[in-house]
Each structure stands twice: as structure tokens, then as C-alpha cells.
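Written below as C-alpha cells is the structure these notes are about.
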């Protein structure tokens, strides 16, 4: 096929970027859902057992490299018969790690809501769960936004790792192209630019949302 | 110059961008004289005070301490912080928010300047610190961390710290404005004692009754200019300018009590 | 059963993994030291008044925080030879880590100094201390207090990211585990053991960082806004502060 190099490059990068965004979005969704749910549990219950389990999950996943964990999931599960596709393993792996990160973020956010507000909610007669839902949650989310933004950016960068488990994202495609054309600096340089564009986009969006929320 | 003028402020102007905060302010301070700057918020009195030791470098004008120009080299260019340090060492400043250094004990806060700027030996500096702390009635707190003291105590330590410089003049920037009401008098009493010793000082304050008692002269500022000045009791008991009358009247009504 | 398998293979796996671990530690130490020094320099330049130097520093920080470490490593290891610079894998790995983490540490240094109320500097300057004395006696001690915990957090982060160097063939722990997996066909066990090794290194440091964070901020002292909630996450952040 006589496709020109620029065409090949853009194709590889674009297709890869799509996968990158897909993986990132999927992981982000899992991470936020997990993080929120577990953080809510931490705030709403005093159950030692639940707290302990959640703590265990968080500490375990936050002190292990993403790459190692991805290998563990992808190859490890395959060995016991659970064959995950690269993309699914990627989303699951990054999502689980992200969940651990987000638990702490949301917990901090909830704890940063001023005590006085919770006291006012209680004195008005709201049940703890309702008070959480109406008073703590909305404000906690707002306070957590910058850190979630930071996490999202770090997640975008971590998606580059899933090339190692053969997910066809940017770095995977880039490496294949390099093997075919040997234009190493150019291809990886462009890959860097792709990531820069993505991370800057996310960073700016977060700033935008922050500003919108402040103005309310 | 063999006269007894200690500090001269000449044609001091200061702008922040397009906002002119000080407009050609001039006054002088004699040795041993106690001067109070009063005026409503935004009148520029704090900026004026901070210009004296070049914490707010003037846009125009000259400051002279003991006849020597502060803050400018002989070629007219502004000095760097490093060049200004020896000059600033002769001027003791007490801040509204005390600004004691939290990683040093009370004693070390007071002893730092003598040790590091004037080269006083550690033992002598510590002795000096204790003496000054006794002077402000806080010797028993010498080894405490500053955060554990009340606001009034911290401010007294800050005064001791300024005194440790053995300065030619003391500058007080609203020393009691950040204090709870019941802590104000302990600080004012210390300042009163210093005034009674005949120390030259410029005092920016909202405590008008105190200013009347302690100051020899009073300058009333508004909108960046000096509106009225003169003997303290005369200016306060018999104000001539309408703005000063308005200001004093509003104080009685409690409007400008805490700026 | 699971643990038994691991125990049985320990004599084979142990030395290989420990050899990899040794390199992981070397990468971490080398990378972090270089990042520390470079980060100080970057922050120094960033704090200069307007000029090309400041712009370059800010640009550097933006790029280093917006591009994945893997890309930087690939560029250093695969692309530089095209320009005649052939770096050994370890050097490329440590350099890549250092280049990226210098940007994070620059932010830590900035926050550390920024958390000091400006009045402290003013009081120092007003009493006649020179700028150097002010920095040495007043600003630096307090800045150190504020940066110890974030530095530890970044150290842990760098330790974890050293695993990425496996992808440019640095024989560190993750690469060793990858090889062992291929040989033993026991990925679950191998990687679980590997994860445990990383955990054993990272977790104490994380705990220490949290402990320091809590201890150093005496009751009543206001936490700097950046550190208050999100220290443990700001390590790999990308949203730049204004």
C-alpha cells in the first residue's frame, strides 16, 4: 500500500487517541463511582470492619505501580482462565487503582465541608443520610473537583502504559509505526504532542468548570 | 546636621498602577518626638508608614533618617534589599499582625536580629532578649512557641523584637487593630511606657484617645494627603478642617472605631 | 496453595526479583536526587520576574507534566540514538524520571515557600536582615517543614513509576517479574509477589508522609490550601496553579 507517511502517522495517532480517550473515560467512570461510593460509606458509617476493608483496598492499590497491577490483571487472570481483552483489562486495572485514589479525594472533600453546616442540618432535623445527600455531597464534590481534575490528567498519562498489555492506544500504534518506518523522533514527538493536547484540554476544562461553579 | 530632626519625609507620593495612594506627603520627626498618624481606612497612613522603611518603595519623594537618604543610592536609583538592610536595621517596625516567626521560640525571635544583623554574641543577645522580654512583662514565656501566646502577648513580643534592634525610631502599624478588645490595653500600656521613656516613634492607630494621651503631634490624613497636623491635644480637641471634624464625630458614633 | 506455590519457587525467584529490586532502588534514588536538584533550579528560574528564563521554566513544567513518562523514556532511549546520543537504558530511565519529577518537585518547592505568610518575610526584612539571611533563617526552615511530606509522596510516586523503565529494558523489578512470568507460567503468583515487594517499599514511606503531615501542622496552624486535602494526590497532578 503506497500510503504516505503523514497519512499513516495521523491515522495511527488518531486511532490510538480514540482508544486512549475510551480507556481513560472508562477508567475515570469506574474510579469516580467506586471512590464516591466508598467515601460515602466511610462518612456515613462507623463500622470498623467496613473502614478496615476500604483502608486495605486503598493502601494496597496506592502503593503498587500501575504497570505491575495491569500485568497482574491481564496475565494473572488469564492464567486462571479469565481471559480479558486488553482494553477491558486496561479499564478495569486503571479503574480499580483510580478508585483507591478517588476514595481519598472524596473523603477529603466531604470532610472539608464546614462543621457548622452539618450541625445546622442536624438541628433542622435532617437524617444523617439526607443531610449527607443534600448538604455534604454537593459541596464536597465541588471541593474535590480540582483534585479529580489532577487525577484525570494523571490517568490520561497512565493510559500510555496499557500499550504494554497490547491495547491499541497511542503508544502501541506509535511503536508499531516506528518499527516499520524508523522515524523514531518524529513519531514519538508527535505522540507527545497528542498527549499534551489531551492533558491541556482536560486541564482547561477543569478550570472552566471551576470558574463556572465559583460564579454561582 | 546638628539640629534635632531625626526623620524627614519629603514629598512622598505612592501609586499602585493608576491609583494614587499618597499625594506629596511631607513631615518630619524630631528626636524623642512621638507622632501619631490618624485617618479613615484608605487614607494612606499605613502606606505612608511602610514607605519610611521602604517596605512600600515611594513612587516619588525622599526619606531621610538622621540626614542620610534612605533607600536610594547616590546615583538616584533605588537600593536593593541587600543594600537597604543596614538602614532598615535602624528602624524598628511593629506590624498589625505581629508576624512572629513560628519556628523560633519567643526568645529566639527577639534575639535573632542582634545576633545575625548586629553580630552580638549569642550569650549577650540572649541576655538582651530576656531583658526586653521582662520589659514587656513576658520573660516567663521566653522558651515558648509564639503560636501558644495570646494575640496581646504576641504583639508585646513583637515590640520587644523591634526594641532589640536598638533602633533610632519605632514605627507602629496599627498595633492593636488585630487584637480582641480585652487584649488591647496591655499592648497600649507597653507603648505608653516606651513613649514615656522619650523614644521617637511614629504611630499609626485607630485608638484616638490613646493617641491623644501618648503623642506629641498628630497628623490627620485623608485621601493620601495631610489634611491637618499639629499639637496632639489641640488638633483633637479643636479640629479646624471639616474632614477631621467629620472623622472624629463618626468615631463617637462608632462608625470608624475599628476602621 | 497459593502461598505454597510462591514459597516453593522462592529460591528461584528470590534472587532474580531482588536483583531487579536493586535496580528499582537505584533508579529511584538516582532519579529523585537529580529531580530534587533540577527541581530547585527550575523553581528558582520560574520565580524570577518576567523574562525568557521564567517563560522557559514554566514551559518546561507544563510539558513535563502533560506528557506521559513512557513517551519521554522512549524519546530518550529510542530517538536520541538518531542524533548520535546513545544512552544506556539505566541512564535513560533515570534521566527520564528526573526530568519529569523535577517539574513536580518544582511545584512542591513553590507551594512550600508560598505557604509562608508574607508578613514573616516583611518582619525579617524590616529588622535589617539581608535577603539571603531572610531566606536562610526565616523562609527556608519553614519551607522545609512544608515540603517534607509532599517530597515523600513524590518519592513513593517515583518509586512506582520506575516500573515504567521496564519498557525500555532496564532490568528492574517489573521487568524481572515479566521474565519470570514467561518462564514459569505462573503470572498470578509472580506478579502478586512483585506487587508485595513494591508495597513493602512504598507503604512505609506513605505512612511516614501522612504522619509527618499531621505532626508538623500543630493545632491551630492553618494548613496551606494545597496541602490540606490533596497532598497524597497532587504528586502527579497536571492542573497548573495560576
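We just call them A, B and C in the order they show up, numbering each chain from 1.
Throughout what follows, contacts are C-beta pairs under 8 Å (C-beta built on N, C-alpha and C of every residue); 3 or more make two chains touch, one makes a residue touch a chain.
Values in this document were obtained by computation on a predicted structure and should not be read as measured data.
Asker: What topology does the chain contact graph adopt: line, ring, star, complete, or other?
Answerer: Line.
Asker: Determine the chain that sits nearest the middle of the structure, using the mean of its CA atoms as its centre.
Answerer: Minimum centroid-to-centroid distance belongs to C.
Asker: Could you tell me which pair, B-C or A-C, is linked by more C-beta pairs in contact?
Answerer: Ranking A-C and B-C by C-beta contacts puts A-C first.
Asker: Based only on mean CA positions, could you tell me how far subunit A sits from subunit B in angstrom?
Answerer: Distance between chain centres, rounded to whole Å: 54 Å.
Asker: Please work out the Cα centroid separation of subunit A and subunit C, and write it as a whole number of Å.
Answerer: Taking the mean C-alpha position of each chain, the two centres sit 20 Å apart.
Asker: When the centre of a chain is set as the mean of its C-alpha atoms, what distance in Å lies between subunit B and subunit C?
Answerer: Comparing mean C-alpha positions, subunit C is 46 Å from subunit B.
Asker: Indicate the residues of subunit B shared as contacts by at least two other chains.
Answerer: none
Asker: Which of the residues in subunit C come into contact with subunit B in the complex?
Answerer: It comes out as residues 117, 119-120, 122-133, 137-138, 141-142, 145, 218, 220-221.
Asker: Could you please specify the touching residues of subunit C with respect to subunit A in the complex?
Answerer: The contact residues of subunit C facing subunit A are 62-63, 65-72, 74-75, 78-79, 81-83, 156, 160-164, 166-167, 174, 177-178, 181, 185-188, 191-192, 194-195, 198-199, 202-203, 206, 228-230, 232-234, 236-240.
Asker: Which part of subunit A faces subunit C closely enough to touch in the complex?
Answerer: For subunit A paired with subunit C, touching residues are 59-60, 62-69, 71-72, 75-80, 101, 104-105, 108-109, 111-112, 143-144, 146-147, 149-151, 153-154, 156-161, 163-164, 171, 174-175, 178, 184-185, 188-189, 191-192, 195-196, 199-200, 202-203, 206-207.
Asker: For subunit B, which residues are in contact with subunit C within the complex?
Answerer: Listed in rising order, the residues of subunit B that touch subunit C are 53, 55, 80-82, 85-93, 95, 97, 99-103, 112-113, 116-117, 145, 147, 158, 161-162, 165.
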